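Inspection log for the structure reproduced underneath, given as structure tokens.
Chains: A, B, C and D, in written order; residue numbering restarts at 1 for each.
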Amino acid sequence: MILHTLNASPSSSAFEDCLKTIAEGDAIVLMGDGVYAAIAHTEVSRVLEDTGAALYVIADDAMAAGVLNISAAVSSIDISGFVVLTETFPLQQAWY
Amino acid sequence: MIYSLLVLSSPFSGHCSRTAAAFAHCVITRGHTVRRVFFLDAGTLASAANSVSAQDEDTSMKDWAELANQHGVELAICITSALKHGMLDQVEADRNERPFPTIDSLFMMSGLGQLVDAYANSDRLITFGG
Amino acid sequence: MTAVTKKTILIVLRHSPYGSGLAKAALNTALASAAFDQSLDLLFMGNGVLQLQPDQDGRVKGVKDVGRQLASLPLYDINHVYVDAQAVERYNMDLSKSPVEIRRLDGPEIRQLMICYDHLLGF
Amino acid sequence: MLSANAFDKEGFLIELTDWNPGVAAQIAASENLELGAAHWEIINLLREYYLTYDSTPAMRALVKYCALSLGPEKGKSIYLMSLFPGSPAKLGSKISGLPKPDNCL
């Protein structure tokens, strides 16, 4: 299983490439410009939900970007929560 | 577990370089070891000793300093990327006939072999880019 | 260097050859990994496939030619090069004259590949 | 003969276009080497490598390239060491007028 980290906006090729490889049982951490993929009631957030992966967003990054209406399927975590995920997932792929 | 970090992000765009520093702190707080933080490409700019920021903006330097000084984490910068970005220690300044060093002494100029050594001897390699 | 344990790694190249320093950083990481006897493969994905564009000539702009440097990979015993078939199609690329042997993968195959390694290095 | 300021502190040519066979002999002499036919075979190969791959080879690639071009007997690090003692890829490249290899490799 792969822990994906996305640090690019939902219109980027990074996002596109990430979607190509993500699968059920994976997790994705949205950070930096990736937090815009967490906005509730968007096509992008629906696409992410459909992957079956566990969805997370770095709370500070979302706050800095003004992303407050976070999709219910996305959990807010701090950096410590991010570290916890890396303990569980043996592989990380950085998309940016 | 043993972790190594690869930082490709510039400290001057986005939050990623600072996220990497915060991540390294949390890794240690949770009882793991950070074998090495390796800076490559624009990531090497984290070592810029003479970077001047607005007074009311935080820089990542103090986070890296704490990691290096309090936790003994090795901060290695890729020599080829560093030289290209104008980041030189005293040895490289002399060798390349430049007037003075430009990196903070927290950072160590290294070959990519140190990245290989880091990932080969770590349970986790976490990459920070963008 | 301390004694190096051997790990399997996949270097994932996703950026165009001259748009940033990432292609060069990835190539150097691959060569260094080979020099220290690690077991590594390369995956060109998305815009990264543009690094394999035939007839590129970085020299025109006075920089190292990424395409020609990639051609030296077999001399470093890096023999497994995978590409994202969809990206190759998107850019209508002809890889028939590629100096390195290339295997095309679709999305699910790419994922299958990625989970076979100890570490992923995303550039 | 090029003057001393045509070379950097480590003896590499500063302007690669200054290179010619006489300059190769000059660099070799400064390293206490006299170039024979066997050296020239490798020097020509190094220059061909540079033109083909736009890079200076590391030892591993040089050995393999020699094996492919000159046969297995010459594609051995021990053979290259006998011609260019110490670090054959680096010394050979220096004499052949190739750019200094990337520091990080």
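Throughout what follows, a contact is a pair of C-beta atoms (placed from the backbone, for glycine too) under 8 Å apart; a residue touches a chain by one contact, two chains touch by 3 or more.
The structure displayed is predicted, hence computed values, not measured ones.
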Count the touching C-beta pairs: is A-B or A-C ahead? A-B
Measuring from CA centroids, which chain ends up nearest the centre of the complete protein set? C
For subunit A and subunit C, what's the span in angstrom between their mean Cα positions? 25
Distance between chain centroids, defined by C-alpha means - subunit B, subunit D (Å): 34
Taking each chain's centre as the mean of its CA atoms, how far is subunit C from subunit D in angstrom? 27
Overlap residues in subunit C, where contacts from two or more other chains coincide: 28, 31-32, 35, 119-120, 122
Where in subunit A do residues touch two or more of the other chains? 14, 90, 92-94, 96
Specify, in ascending order, the residues of subunit B that touch 2 or more different other chains. 8, 78, 80-81, 111-113, 125, 127, 129
Using the touch rule from the top, collect the residues of subunit A that touch subunit C in their complex. 1-2, 13-14, 16-17, 20-23, 90-96
Can you name the residues of subunit D that touch subunit B in the complex? 8-10, 102-105
Show me the residue ranges of subunit A that touch subunit B in the complex, using the header's touch definition. 5, 7-8, 14, 31-33, 58, 60-61, 64, 79-80, 82-84, 86-87, 90, 92-94, 96
Parts of subunit B lying in touch with subunit C, wherever the complex brings them together: 6, 8, 40-42, 78, 80-81, 84, 111-117, 119-121, 125, 127, 129
Of all residues in subunit C, those that touch subunit D in their complex: 28, 31-32, 34-35, 58-59, 64-65, 68-69, 71-72, 75-77
